[in-house]
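First chain A sits with chain B, and in the next complex the same chain sits with chain C.
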Partner chain A sequence: MKNKQIILLFLCLFIFLISGCWDSNELQKLCIVAGMAIDKGNDNTKNRFRITVQIANPPQVAGDSQGGKMQASRVTNFTETGSTISETLRKISNKAPGELLFPHLQVMVIGEDLAKEGIADIFDVIERDSQFRVLFPILISKGPHSAKDILEVTTTLEAIPSAKIVEALRTSERYWGAYKATRVDEVIKGLKEGSFPISGIQMKGDLKAGNSIKNVEKISPNTIIQLKGTAIFKDRKLKKWLDLNTARGVTWVMDEMKSTVINLDCGMKKDAIAANVNRSKTTTDVKIKNNKPVIYLTVHAEGEILENNCSLDLGKSINLDQLDEKLEEEIKIELLQAIKTAQKEKSDLFRFGEKINTTDKKLWKKIETAWENDIFPKTEIHVNVQAIIRRTGMITKSYR
Partner chain B sequence: MEKAKISAIQLFALMFIFDLGTALIVSYGVTAGKDDWLSILLGMSGGIILFFIYYPVYRKYPDLPLTSYIGEIFGKYIGWIFGFLYCISFLYIAARNVRDFGDLLSSSTLTETPLLVIHTSFVLVICYVLYQGIEVLGRTAEIFLFVLILLGIIGNFFVLVSGDITFQQIRPPLEHGWGPIITTAFPTITTFPFGEMFAFMMLMPYLNKTKLVKKTWLSALICSGLILSWTAFLNMTVLGLDVMERSTFPTLATIGKVSLFDFIERLDAIVVLTLLLTVFFKAAIFLYSAVIGIVDLFKLKNHQQIILPVGIILIFTSMTIASSFSEHLEEGFDASIKFVHIPFFIIIPFLMLVISFIRNYIKKRSNAK
Partner chain C sequence: MNSAWDRLVKKSRRPYKTVQHVEETEIMSNNKGIHSSLDENIEQIKDSFGNSGDLIIRSFRMGKPFSHKVASIYINGLTDKEILGTFIIERLMKDVNLSENDDPFSPSQLTTYIKEHILSITNVRDVPDWNKLFLSLLSGETIVLVDGWNHGFACAAQGGDLRAISEPTTESSVRGPKDSFTESLISNTAMIRRRIKSPNLWLETMELGKITQTGVGIMYMKGIVNDKLLTEVKERLSKIKVDEVQGSNTIEEWISDNIWTPWPTIFTTERPDVVAGNLLEGRVVIFVNETPTPLILPATWNQFFQTAEDYYLRWSMSSFLRLLRIFSFLITLLGPSLFIAFLSFHPELIPTPFLINLASQRQSVPFPIVIEALLMEFTFEVLREAGIRMPRPVGQAVSIVGALVLGEAAVSAGIVSSAMVIVVAATAIASFTIPHYAMTDAVRLLRFCMMILSSLLGLYGIGLGLIILVAHTCSIRSFGIPYLAPFSPFILADQKDSILRLPLPFLSERPRLINQLKTKRIEDSQTSSPENDNMKNQDSKKDSYEK
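Moving on, here comes the complex of A and B:
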């Protein structure tokens, strides 16, 4: 009996001992990092990076802004310089009120200057540290503004600028197709293998006006941030910016097109008809001819007419057939443009190398080292597009 | 030897969990490149061959643990030394398992907890179960077998529906031919984890129906081999060779990639829990084998009185086994395979088989005379 009492006493004592963890932290004392911007530091050895973290301010984000007055900004940025990412982030603790918490990091913006010098040194810590996850997207800030500036623009509709960027990226990927979200793990894979694309982001308007709560008090804000351009990386460096149509061509080739809108000519009138492509599949085939790979791309696209600003009678299937051909032509031009640019830049953005490896691993072993610089630019690439317009919407003929 | 009996299903559960322990989580078999799953299947067939080396020896002494009859095979003194070496090697592998577990926890989830605390609490629980005896361990395994299967189903389901699987990552098959696949399968995968099942030679006498040994052993080996191969396959399709080679715990990285509807995320707990359960049983079985070996060799009264001392040795060994995790892994895939796994789980059992056959032969001839 006495034994039992002693055991009970010990059990009660253990409650106090085992209930806490070493690394426990109160929620309100943590600084939740929503976004991160990495720019080139002012010095190549001492301060290689300039890092800005965006910390969400939960009461301001959650509180109803209608009734109360807005006192503080909904996010706070802190900037620090250093030579390694971890050192710089630790230095920020001199400024931030609590421990930085990274698992909720939504986006990372890399400055163009740094990207031009190489981004190889950024991702090791993200892969190594268990705090980071490798699933958030990376963007490149397209000049003249730095990545830090991008995160300093206040936004409406989405309280946290980083979240706004991510949402814009997602909707753009879904409905426009030109700018895809490149996740960290994809970037790391690309760094290892050679070339890859990352979407760009740009600030439009006045920097000072953007960095103020007044910016969002206006109906049309003075300063906004928008996705713009796709950066081609080769040898871990930014090589070239692709503009809209070429960027969309990259999405086509990589079979990542979800939906987009393409304008078609109608007789003499240019860009008179808008077609929505909502299903698309690109298959890549590699054939070996004379010990050289020849690549065949086939795009199967399906769509519908969204808008018709000319007198064409869409009720007649023969007219639709003509539009099909025009759509095929337009898509083909975009693909060829993207391929041409990639070949000119000697960057195999599309990972055709992997496909060659699956088709003929012996040939690939022979050409692997010379692939990107010598063979890829000269490789024959054939594009075949089959597009079908399935529907014309609620009407056939336009009112005109 | 304690007086206890376990059923065939309990033995199956123990063996099954034992094989999955650590191998499911740690990076292994990557030297075979994109075909690591094939390499594991080959290793499994190697494990089956090993079983047919162990089995005839066991059939001769179905009621005795290894340390008792090893003396009869090798002679009294050499046999005793071998038996003792076996106890030490079991203890060493148990320590390695504990360290695997501790390092995973401290590098992924409990980043600020000292390793010693994790090890101590873990080993003390193992000691407690073993103090209760093999029957309790068997029953626990029986229950946790279902928990483990459930965790496996949940984890697999989420990885499969997450859309992270790209079959391009494992193509082309046999990228570098059969060479790397075979050198990885033999001896590395054959011995770890399948050869390690030799530890069950200490537990076999507890089985209530000796006839079922073959069935139980082989079914557990094949089930676990298939699961290991499948997991390696899944990891490769999700992560790709490059990440597989670099990551310390590929399965954890794989499950970390699951992100459904921005809502089902961070399922790391599933993997950590799986590791916790499997390593618990694996380390417990090794520790138990070592303990009853010592009891047998030193003619002690029961195993309960030395569990805690041996457990403390286990904690100490697991802490001092390596100064860093890299050193620990290096040792595991090099020195430990060469100096512990191959001699103790392949060479000595083979010698035992040969010698016992020769002895039998001599005995028959002398009887005939």
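Moving on, here comes the complex of A and C:
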């Protein structure tokens, strides 16, 4: 009896020893992948993808430069081509010093060329492989530069270029509202229908100058990367780029507006008053009329006056009422522009289809196949905006 | 209730191994009665003690006409010589004219006379045989032998140098009383007597240790304590058949339910107020002579995270502090192992900027993270041990070497990363918040087990380790009481004074399981809130005025 217990104890110990440590890794031997760029390869068989990974160089990023070390770049990019993503990533280990660690991936940039051909093939591995998280944002590189080039621009203020892209995206989403961060899981959700918006990113300036640490030594860098445009997808293929107010319209429709600034006219003076919208809610209602869905969008927006460059007296409620109406008008125009473009491109990127499905299942079953191409472009969509300006700032009268 | 108790106790009882005492030399061998001849007796005592230098035998003659031979025998250092001189020897020598009617006293008359008229000392006992005589002598009593009488007197003149009552060193308190136990059993029990003026506070004394004959006192509140617990304690004590009982730890190891556990299952303290509180909760306290830390039993896990100070602070503060202690217990137990698990198995769980920072720190460290952690923990344990054992004047040198060389320099030399130093330091500081030393020690050891588990299996290993630990902790008992009470078994009423401490008016009942006889400790009329009481008082005053 006593022996049995001892044997059991040893067996338990062996379990630990046999199974232990198989996935243990020393931190300094891992290559922390901060960003990934996927471009179209040269051909369609052996080199379908060209993948660039951006690996953080911890001592340089952490600013822990010990004496005598040479000043190295904060990140290192490795590029490889292959026909599947997993294969390509494995090939990178010929170049990288350690195992690639993907959970800390900040952003994935997809080349415009690839996006135009369809992006469905990228996501299988991301969801299948437990290494990847599905919560990082995805961007499309807007031509003429490839996605690889986007990740090759050194940046200031944020040590890792990928992190800088993500931060810019977050800030823009929060304060400007035109370009939103589309996370991978959102794209995956939209893959079935094939229509979704993804924000774009563009490089401005010289490619060679950007790929050097000298770029960040300047106060005004030669080369920068910036968010630009919203790509509309249809059938998982990039169909059209939206920009400016139309791009913001998409955000309004999808109820993702957090805060933005809208200029309002003041009498004859165009864009004289700046209004900050800091609270907004868009509700989508579907009503069935004559076996056809009619969509009603209602926007409730609240805002405040940030800037008043005309002589309008903001102390008077009648003036404020007028401004409310103007704000409503401006917002409505943006929504309608976005909807019009989507209808024109036959891309239900707002996922109205889902709403119809929840409202009337039977009808949706009938129209599902024909929805995007035939019905959606002709569907009536009504937009109703209710905006209120709550505050006028610290002063009432302007200097005019 | 009783049957439940029986079951609990039965389960916990471990088979006792008693050391077979080989009687090579019978220490107090001489069971022959005391001689009537004084000279022979003195020879006998001298022989038995091997003519030890601290055995003082003062022989003299008393009484005028008959000159009875008398001797007082004591051990130098154990007696109060002033009492001995004034109230025993002086009285015997100086006094009396024994020959009032020329009739010689027979020895028995004489001894009665001595006992009843001469020895003006607080306690005088007859000692009829050698065993008792030696025991009294060795306990510091003074033996008076009279020629021609085959008994002796044991006179209570104990004294000698004892440590004075001082402030507690390991369990200090800001607001509470500042006395702590000393080595003397009697002065310790007196401290309790001062606090609980009740005849129900009973003390049973016995001697344990075949050679050392150490005085042991079992103290309890009659009427509150569970009698079965008391019998159990006495039974276990009676089974200790060893030569030496050196302090309370000997007894603790002999009577504790399970010695193969990392947890302490008997509580010890050096504070009289803690002992008094525990007695009133129905626990049994074992005092051991020459030990300033009595044993309190049964003990629960919870108890080791409570301090006397908890009852002297406001309830909100003490509840917060108790939570803090549990939290730092977890840090102590899991801090380094979580760090290892995160870094070597789950780097995805660390926020990216922090991960990059850690990776950069570890760039120059040559060892795997486990080795690094074990190295640092080991170094800390060495420092800690050195801090306790080294002579005081060297202290500064060690702290400088520890703090500067092993902390700062090890990091810049690239032996360890600075994050690891922080983790080890945080763990060390957290371990000091655990109020009870035995618990700290338990966690110190368990921490290493956890580190090894996490280095093999990551968070999964920590999970496994915790499951095993909790299961084990649930299985052990302290004198029949489940160790994890009141959490497992869950006792709602006892939660009021476990992790939190509610205001005292809410603590109307003594802890269950430990006590079953008299559970209420607040009279029913007292449980109403203070406001109501005031109202009542005012009302009654009004009544009296009207009358």
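Please note the rule applied: the second predicted complex is superposed on the first by the 374 of 400 C-alpha atoms of A that agree within 3 Å, B and C clash if a C-alpha of one lies under 4 Å from a C-alpha of the other, contacts with A are read in each partner's own complex, and residues count from 1 in each chain.
Definition applied: contacts are C-beta pairs under 8 Å (C-beta built on N, C-alpha and C of every residue); 3 or more make two chains touch, one makes a residue touch a chain.
Nothing here was measured: the structure is a model prediction, and the numbers come from that model.
Colleague: For the overlay on chain A, clash or fit between chain B and chain C?
Modeller: They fit: once the shared chain is superposed, the two partners occupy separate space.
Colleague: Thinking of the overlay built on chain A, is A:Ala56 touched by chain B (first), by chain C (second), by both, or by neither?
Modeller: Touch status of A:Ala56: second partner only.
Colleague: At the CA centre of chain A, how far apart in angle are the CA centres of chain B and chain C, to the nearest 10 degrees?
Modeller: 50
Colleague: Is A:Glu368 touching anything from chain B or chain C once the two structures are fitted on A? First, second, both or neither.
Modeller: Neither chain B nor chain C is touched by A:Glu368.
Colleague: I'd like to know which partner A:Glu87 touches here: chain B for first, chain C for second, both or neither.
Modeller: neither
Colleague: When the two structures are laid over each other on chain A, which of chain B and chain C touches more residues of chain A?
Modeller: C
Colleague: Figure out whether A:Lys189 sits in contact with chain B (first) or chain C (second), or with both, or with neither.
Modeller: Only chain B is touched by A:Lys189; chain C is not.
Colleague: With the two structures laid over each other on chain A, which partner does A:Val134 touch: chain B (first), chain C (second), both, or neither?
Modeller: So A:Val134 only meets chain B here.
Colleague: Once the two structures sit on chain A together, report how near the CA atoms of chain B get to those of chain C, whole Å.
Modeller: Chain B and chain C, overlaid via chain A, are at closest 5 Å apart by C-alpha.
Colleague: Once the two structures are fitted together, what part of chain A is touched by chain B and by chain C alike?
Modeller: 21, 23, 103, 133
Colleague: Please output the residues of chain B touching chain A within their complex, sorted ascending.
Modeller: Going through chain B, the ones touching chain A are 107-114, 168, 171-172, 175, 240, 242-243, 246, 256-257, 259, 266.
Colleague: Where on chain C does chain A make contact in their complex?
Modeller: 343-345, 347-348, 352, 355-365, 368-369, 453, 455-458, 461
Colleague: Enumerate the contact residues on chain A facing chain B in the complex.
Modeller: Where chain A meets chain B, its residues are 21-23, 103, 127, 130, 133-135, 185, 188-189, 192, 354, 357-358, 361.
Colleague: Spell out the part of chain A that touches chain C in their complex, as residue ranges.
Modeller: Per the stated touch rule, the residues are 16-17, 19-21, 23-28, 30, 32, 34, 56, 58-62, 64, 66, 101, 103-104, 106, 133, 160, 163.
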